[in-house]
Each structure stands twice: as C-alpha cells, then as structure tokens.
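After this come two complexes, each holding chain A, first together with chain B and then together with chain C.
Entry: the complex of A and B
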C-alpha cells in the first residue's frame, strides 16, 4: 500500500548498491588479469587471436551501448568498422598520415557516417534505423569494393604501416597486444563512465519509455542520435586498430554478414550487461577457430548456438548467474 | 490578445481548437491558470479533457489558438522543450521506467537539473561525480518525503499500482517544475489512497506549486480545487469555484446529472 505522508520515513541516504568494489576498481582488475594473456599462451598465433578478441570487444561493447542500453538496432556496425579501417588505412597509405593521427580520424569518419544516416532514420518512430543501416552497410561495401584507386578494391588495401612508439614499430603480434589492450580498456572505461552519468540514464530512459523520457525534458531524437554516432565512432576506432595491426583490409570483413554476427554476439553475451560483450567477443573470436574444419557449417552452428543460449538464457550468457540464483530462490520458496 | 495579461497568470490558453478528421475535440477554448492555484478540468467522457491536456503537454498539436506559459508561446514546442520551461506532468496510464530502480526513475526526473554532457560523461570529469551524488541525494530526499525510500533500489516495475502513481509524481517533482500537470491522479486508486493523493497535492500547493489537473473523482476535485473548468463537447460550459460549478444548471444537466444517473 502506498503511503504518501509527507516528510516521514527513515533518513537513510544509502548509495546505489555496489557489491564490494567500485566499477573502476572492478574494470582495472579485469584488465590487469588480461595483461597476463601474452605470457601464458603458447605462441604468437594465440596472441594474434587475443588482439582480434580485443578489437572484437570494442566492436561488440560499442554495439551493446547502442542496442542493449539505447534500444536501437544497427545493421551497419561492420560498415562503420570498415569506414574507420579504410579512413585510417587510406590516410596512411595514400597520404602518409601516421596511424596515431589516423585513429581519431577513423572515429570521426565513422561517426560522420552514422550521423548521415541517423538524422533521417531516427526522425521516424519505430525500427527504421535497422532498415536504413542495412541499406547503408550494403552501400558502404560497394564503396569499399569499387573505389579501387583508394581502397585497393577486392584485392584489399596493402602496405598499411603498423603503429609505432618513438620510432619503434609495433609490427609483431606481441608488440601490438599492449596497444589493443589499452585501447579496449579506454573504450570500456568510457562506456562505463557514460552509463554512470545522467546521459547514460537518459539513454536507458529513452529506450525504456520514450514518452516518459520526453516529459522529463529529454530530447529523445538527440539522445538516440548521440548514442548512435558515439557507438559508430567506437567501431571506427576498432577499424583503425584492425587495419594497422593486420596491415591490411579487404571489403568482405565489413559486410552485412559480420554486422549481423556482431548483433548476435551482443545478444549471446547479454544485451544491456556491461561485461556481456567480453563473453560475446570471446565466442566470436574462438568459435571460428574451432569450426575451421567445418567452414560451410560455421554460420549454421552459430545460429544453433544462438537459439540454444537465448531460449535457455534470454538475458544472454552474462545473465546466467542471475538466472541461476533466481532458480535457486524459486526452489527454496 | 483578447484580454490584457495579468502578471499572475502562469498558463494562458487562448481560442484553442483541435479537430480530428471532422470531429472538433476542443472548440475555441480560452482559460487561465493563475500562479499558485489548483485548477481542475472536468467534464463527461469525450468532453475534450484529454485532448486539452495533451495539447498543453505537447503531445497533440492544436489546429488553432495559442498556449502561453509565463508569457511566452509554447504551443509549437516539442514536449521536452516544454519540460525545460518548467512544465512537468504525470500520466493517466503510467509511463514509468519499469526496468530501472525506483531511485533511478526519480534521478531521470532530475535530468534537467544536471549539466553533464556526453563528453564530460565519457571522461568522468570530477564535476560528474559531484553531480551524481547531488542528484542521488535530491532523489532520495523525495523518496523519503513520499514514503518510498525503503523501495529505492527495487525495480520500479515491481511496485504496486498506487506506489507507481506516487513514484510518477515524485519523478515529475524532481525537476522542480513551476507548473504540475496531473492526468487523473486518483484514477484506479482505492478510496484511502485517493484521499492521501489529494492531501499530497494540497501540501505541494501549500508550498507554492501551481497545479492543473484532469480528474473524474468529483469528491477530490470539489474538495481540492480553487477553480474548476467544466467542459462539454469541447466547449466551456462553466468555470468558477466548486460552489459556483455545483449550482450551474448546464453542469447539472450535462455532467452531474449523468453522474447521478450512473450512480
């Protein structure tokens, strides 16, 4: 029963519930543990997989920000990844711009790519963004393939330089790892920070109840556009990392199929959970390696896995602990 | 301007009309809400109350006429811009952020009082932490005032219906509005809770809040309102104190007669 007596109730100024560590400390601990990866894996091939997993993490975490927290679906995330990769790569190969300058440029170019499609698509209510981005990704792939003079076309962009620190090139997998590790950390930190502010709350509010959010002074169009552009900018950063670590890029990496797979990985990891994308990135990186022998069946097995996870655990893998404790509680009751 | 503006008029509705495909929901309606008063809009079903409410809140666009808040036109502004000017509202069919905690709901209500931008949020500048603590304290104080502090960390969707109505009121107040629009605040509440809701509205008004409410509960309207506007078929048929309205012959036939027949 609702009691609405004025000025009663205990004076408890309790903080938001935090289980033990602060969010910054928890993230720092996880990243310290990840720093050990190059020292415990058997060879450089494994380190290359770790680098790829960190790049995938940036992609999946940024898509999770848009989809899991912002409630919007983008089918062009791989396209924005590609915009970042080609922006940074082309600036480097054709104009001699160093990778360090290419990294922010990649974020800006991918963000602008999102702004261009987001302004018309987000004006409309409903899931127009999903449809518009699907078309946008298809168009981007045409650009990547056809602008041979810039992108190298279907043969790919060759001769991309690696990142370098004080003239020392990060040209091996082991040397590139700290960079991918640090960039992924800063992206995760930024997402965590944003979610813990009034902007993060407004993003979630718009996703949950747009009418309610507007009545409280939140501009839902601008909120959705900002989170979409931000998410694409982060995909652009992943693109820059990818192109300078691989020293190569080709159009098929950035097509609609990988865009769909990234979406699937957000759901499998647990949409709207902060650490879910780490599980998504792990699976996205590891499963193709395991399924190398069944190349044609890869997509089918992925689909099957998705169905099993989402039927058993609708909140994704990161939702398993909560689902289990819920189950135990129900048994006891 | 039909009539000179009095400085204590917070909301001025002039010749407001709303037509939907041949149906005139609100027809050339003019009225004022004075700063510091509780004004109620009543009328039988289909009288145009909800349409009027939605036009003031910015959900429905008027066909004709003007709405002024604090002397400035607001009738072309989107909902969020009206909230920014100081108009807060509740909803008849609750628009709660169900998956967020009770405390977070009220903190979203405080959005307009914050300054954090996307960039300063991403970087977690020192001002952001301070703002979060201030917002949380202010939201918690509101929850304590409305007896929801014990539920602060529960998901808002888990509250009972009556508690959700109280939460929505607390959320609307969190922005420190100058005009509070209440869409059927007593609808769906049992007698005792409706009385408490009335008491809460009276307390808020005593602290200076201007209130415009649409309500079906006649007992509540009559006991609470300084001024009552009675609508029928989108037009004003009476306006005045509870005493004036109660005796008005057109009101008796159009509204109270019908209500008596229902009872």
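Entry: the complex of A and C
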C-alpha cells in the first residue's frame, strides 16, 4: 500500500522554484500575463473557456496539493466541487444569500464534507482510501439528485444569480473573468505559502515517509486530515465560482467521471509540481474543445492522448523538460 | 474558418454579376450578397453518453430537415449552414458548446438543446441573454417558463401536464378514479410527478405515487403496495429499460388485468419485444407518429407523418422515432416562423409567436406571446402493441 503513496507523491521533484525570482514574484508575473487573456482572444466564447480553465485550475491545483504534495488519493474531488456549488447556489436561490457570502460558505461546507469522510477514511491507505472517497462521491451525487426540493434534482438548480459588485452584475464572460482570475490567484498564492510553511513541510514529510515523520513528532493523521479538508475547501470555492458564473448546476457535473478526470489531469500536468496544474487545467479545458470538430473520434483521441503522455512522461507535462535534459545527459555519458 | 471561406466563395458570383450589370446601385450588391449568405443554424445534441439513444435520432431528424429545406431553397430564402456539437450528455459540455455556437460560429438560430432537459435548461438563459432564438426539442416545461425570462426560447415537444390531462380524459371515459403513478427518479420521471400533483386533484383522481431508480431490476415492493392499495390504473413514467421490469412484474402480480399505461417515453418497438406478452394489455400515451398510417384521413398530421416516415426510412434504413420528429419539428417551426416575418431572422421570435394551428409532425402547433410551448393534449393518442406494431387504441 505504501508503494502507491510513494508513486503519487514524487517528492524528490517537488521543490518550489528557488533560483532567480522569488516564488511570489513569479506567481505575480504569471498572473499579470494571464490578465491579458480577455484582450487578445477573438470573442466571448474564448473568454468563457478562460473562465472555465481558471475554475479547473483551482480544482486541479487543490487536488495536486492533496495528491502531489500530500501523497493522498481522493476520488471525491468533483463531489466537493459539487458541495460548494450547491451550497452557494442553494443559499442564493432558496434563501436569497448573495454570492459573496456564498463563496466562503461553499468553502466551509465542502471542508465539512471532507472532514466528515476524512476522519474515518484517512485511516485507510492507497486503494482503500481511493475506494472510500469514490463511495463518498457517489453518495454526494445521490444527495444532489434526490433532494429535489433543495437542489432541483436531476433537472438542476435554476435561477442562480451572478456575482455583483456595487449592484453591477458580473453576468457576462468578460465581466466574470477578473473575478475568476483573482480567486484563482489567491488560491495559488495560498497553496504556495502553505507549502513554504512549517505545515507544508509536515505535509511533504508525511507523504514521503509517514513513520519517519511521526518519529519526528508530526501528527500524521491530523496533517493528512488538514490537507484533505483544505483541498476540499478550495474545491468548494471553485464550485461557488462555477455555479454563479454559469447560473446553473446539475448533478452529473459532479459525478465520479469528472473526479477521475481531475485525478488524471493532476498526473498529466505533473503531480507535485507547482505550475503543473496550470498545464493540466489548460489541457482539461482546451482539448475537448479542439476535439469537438472530430465528432465520434473525440473520446478515443482524448483517451489516446492521455495514455501517450502518461506512458512517455510519467511525471506529467511539467516533467518533460527534466525528462529531456535527463535524456540528453544520458546520451552524452 | 471553413465557413468564412465558403461563404466568401458564394458571394463572388453575386458580386461579379452586380459588377457587370449596367447602372446597378451599390445597394443591390449588398442585398444580393445578403441573400447569398447562408443562414447559420446551430444544434447541441448528445450523440454519446447515456442520452445517445435519443441523440442519434434527433441528429438524423435535423440532418433530414436541413437537406430537405436546402433542396427547396433553404429557410427564409437563405441556404442553411448547419453546425452541431456533441454535448456527450454532460451539462458543462453543453454550456461551453452553446457559447461556442453563439460567440464563435455566430449562429442565428439554435435548434435542439442536447436532448436532455438538464442541458436545455442550462442553455435557455444563455441563449436568451444573447438574444439568439432557441427552439428546444427537450421536454421540461421550465425550459420555456416564465416566458418573461425566456423571450427567445420555444419548445417543440409536448408538455407532461397535457399528456396527463389526456390520460385523465381516458380514465374518465373508463370511470377510473383510483390511480398509481410509478415514475423513475430521472428528470423525466420526476417532472411527471410534479405535474400529476397539479392535474390529479384538478381531475378528481385519487393518485398514489411510487418511484424507482432508472437502473432498478426489481419493483416488486412498489408494485405490491400498489396492488394492496387497489389502484385501478397504473401509469409508468420512464424512458429506461426498467419499464420492461415494470411490465413483467406487474404481470406476475396479476396487475395486467388492471389498466396499465406507459408514457410517450416508452414508445419503442424494442422495449415491446423485450416485454413479450407482458405488453399485451398495455396502453401507451403517445404522439401520433407511430400510428400515422392508422389515423383517419381527416387528421391534419397524417400526410406529414407519412411523408417523413418514408423519407427517413429511405435515408437511415430504420423507422422514424418520435424523437426524430421532435427535432425535425424544431426545424419546421423555425422555417414557418421565418416565413411569417419575411425571412428576417431578427424577428424570428415574433414569427414564432404568430404560429397558429400549424401542422408539424408531433402535433398541431400554436404559440403565443404568453405560451412558448406549442402542443396540446389533442396531439396525444393512446396506442397498444399488437401483431408486432403499435396500433391506435383511443383516438380522441
């Protein structure tokens, strides 16, 4: 079982960028560059894709925190995403709570959802943990589908309001972009700061060698639980963004299949790398759009692409430069 | 990009013609160019995923409509250029593809919304905000209500409330008061439960409710409760194979001696064959399409149905389903609406609201500024399954 955790957390490659610019300056530069997106893309459809990519980034980066750095597997991430979306959406539709209050509420509800399952499930490891979280996701979908009075059931939650600033609704793609951009920035900043902190070091220590970490006085169970809850809370934030930007949510968006895809995207981007999730989010958002033109072959091409990347570059796309330099070095030797 | 090149090529002859003509005013060039420019029509369908069995038929219905209309000069005097995207039965994919249709492909009309109510419901506010007319071939009434928030959205399908009213008419005739509604937990099933709670009390029916999951393989507990409650008629509401389980187990409990009714979602020859002799006493509340040839000649739909059946079977080598008719109707309605406003797409919604007593395939459509769902209970008939085909059992 321990071997699986070791595989999902390639710790030797999880150093934060240290040379040159500070990690904060790097992140700020990347985000300043991203701010140009709405001005360079041709139309609102592209901006909507950018918004979706930023939401996906929050999802994948938070799962990467859990998986890549924390060494835990979760197949319930889309479920926590859904908890956040429905919490924020239901508060808004049924109780008139403004989206700004729904956003933190979504994080809290998703975090509580993770706490509830985390306390029993995080005592499991590897396959068993994956199974337990998978089951939890399935249960959440049943709730989303069956609590028709709250969630709108299979037909989805209708009439969700968009975010608004001083009475001005952020109801178009271009207006919603700055919000998604800012929220994604704060999530990335939070992850970066967390990893650099004492807790971040504990998280990685537990992932690398749980017994070793315990012998150094780290409470491994509480550390795992904390990172699990934090990661779910971030997924909840993504859910709140999603429901208010789309003004709609329906159960199948939060099912097991998206949970598996998110996991794959963490691996594709490069588990345990800070900027890997950006590549994962880009691919998760863009590739299905490109493949729309290939109709029936779409799913096959997507699956084939995933296989190729995972077989050739087991450390994900972010690991390609390292893989290539390694190859060159071996040739020279 | 493909579109840009193609439409440019089509404009060349028009421009050349105008340039060689003597004394032509500049205005003619632009009007000739506009007439030559194709009408951009977009569709979202789910041809993969759980809803694929509907999506293939709906896609075929639209393909047939587009080709037929183009052969006859297009819609509103312009050839149709049709773009469709597969939503894969996923709402998020449907939403993104809708934005692509609107912003990137700049479609002027959208026909069909993912062949799932959930997708169409998510699309409706987007198309409405973009002021792109959307004629949905999906079921839920909430797609087009409240009309004030859905000015650009219409639907070509029958409302569950109307179907239940029609069933209530039949039960009246048979003097049946005590009814059970057993519906699946999907949007389709639960939508009917919601409507029955309105229709039942209004028509003086004593209704008991049971439900089952679409993947269920056993309904004995529900059916036993229904038997013990003494319901005289049992209405089942599903599009899934669980409806076959319902028929077989109802027969085992002797409930086939009561009136068993399936909804229009179950009108499928495959399901009837699976059910075998358990389908012998079954009635189905259906659109008229499957019994088109048995309709009286006075029926306004008969000619259209027979024509579609023939063209569809010739092209796709399978009989047309009611789903193919729903998407075909969406296209028919768009053409009819454009006819009413002289081909001006910007007035298409006004055109739709002027459509009165228009015979399509699924039924006779009447829209108004207050009602964006066009069919009524007159479009529903009761059919049975005998001799390997559907037969008209109760016409009106």
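In this text, the second predicted complex is superposed on the first by the 304 of 333 C-alpha atoms of A that agree within 3 Å, B and C clash if a C-alpha of one lies under 4 Å from a C-alpha of the other, contacts with A are read in each partner's own complex, and residues count from 1 in each chain.
The criterion applied here is as follows: a residue touches a chain if its C-beta (ideal position, glycine included) is under 8 Å from a C-beta of that chain, and two chains touch if they have at least 3 such contacts.
Because the structure is predicted, anything quoted here is derived from the model rather than measured.
Undergrad: Could you look at A:325 and tell me whether it touches chain B, chain C, both or neither (first, second, both, neither)?
TA: A:325 sits against neither chain B nor chain C.
Undergrad: Where does A:248 make contact in the superposed view: on chain B (first), on chain C (second), on both, or on neither?
TA: In the superposed model, A:248 contacts chain C only, not chain B.
Undergrad: Would you check which partner chain A:213 touches, where first means chain B only, second means chain C only, and both and neither mean what they say?
TA: In the superposed model, A:213 contacts chain B only, not chain C.
Undergrad: Pick one for A:158: touches chain B only (first), chain C only (second), both, or neither.
TA: second
Undergrad: Who contacts more of chain A, chain B or chain C?
TA: Here the partner covering more residues of chain A is B.
Undergrad: Residue by residue on chain A, keep only those touching chain B in one complex and chain C in the other, then list them.
TA: none
Undergrad: Given the complex with chain A, which residues does chain C contribute to the contact?
TA: Within the complex, chain C touches chain A at residues 47-48, 85-86, 88-93, 95-97, 99-100, 102-104, 117-118, 121-122, 125, 129, 140, 142, 185-187, 190-191.
Undergrad: Applying the document's contact rule, which stretches of chain A touch chain B when the two form their complex?
TA: 1-17, 190, 193-194, 196-202, 204-205, 208-209, 211-220, 226, 230
Undergrad: Enumerate the contact residues on chain A facing chain C in the complex.
TA: 42-46, 48-49, 52, 145-146, 148, 153-156, 158, 171-173, 246-248, 250, 252-253, 288-289, 292, 295-296, 298-299
Undergrad: With touch defined as at the start, can you tell me which chain B residues reach chain A in the complex?
TA: Those residues of chain B that touch chain A are 57, 59, 78-81, 83-84, 88-89, 91, 95-101, 103-104, 107-112, 114, 116-118, 120-124, 128, 131-132, 135-137, 140, 143-147, 149-150, 152-153, 160, 162-163, 165-166, 171-172, 175, 193, 196-197, 199-200, 203.
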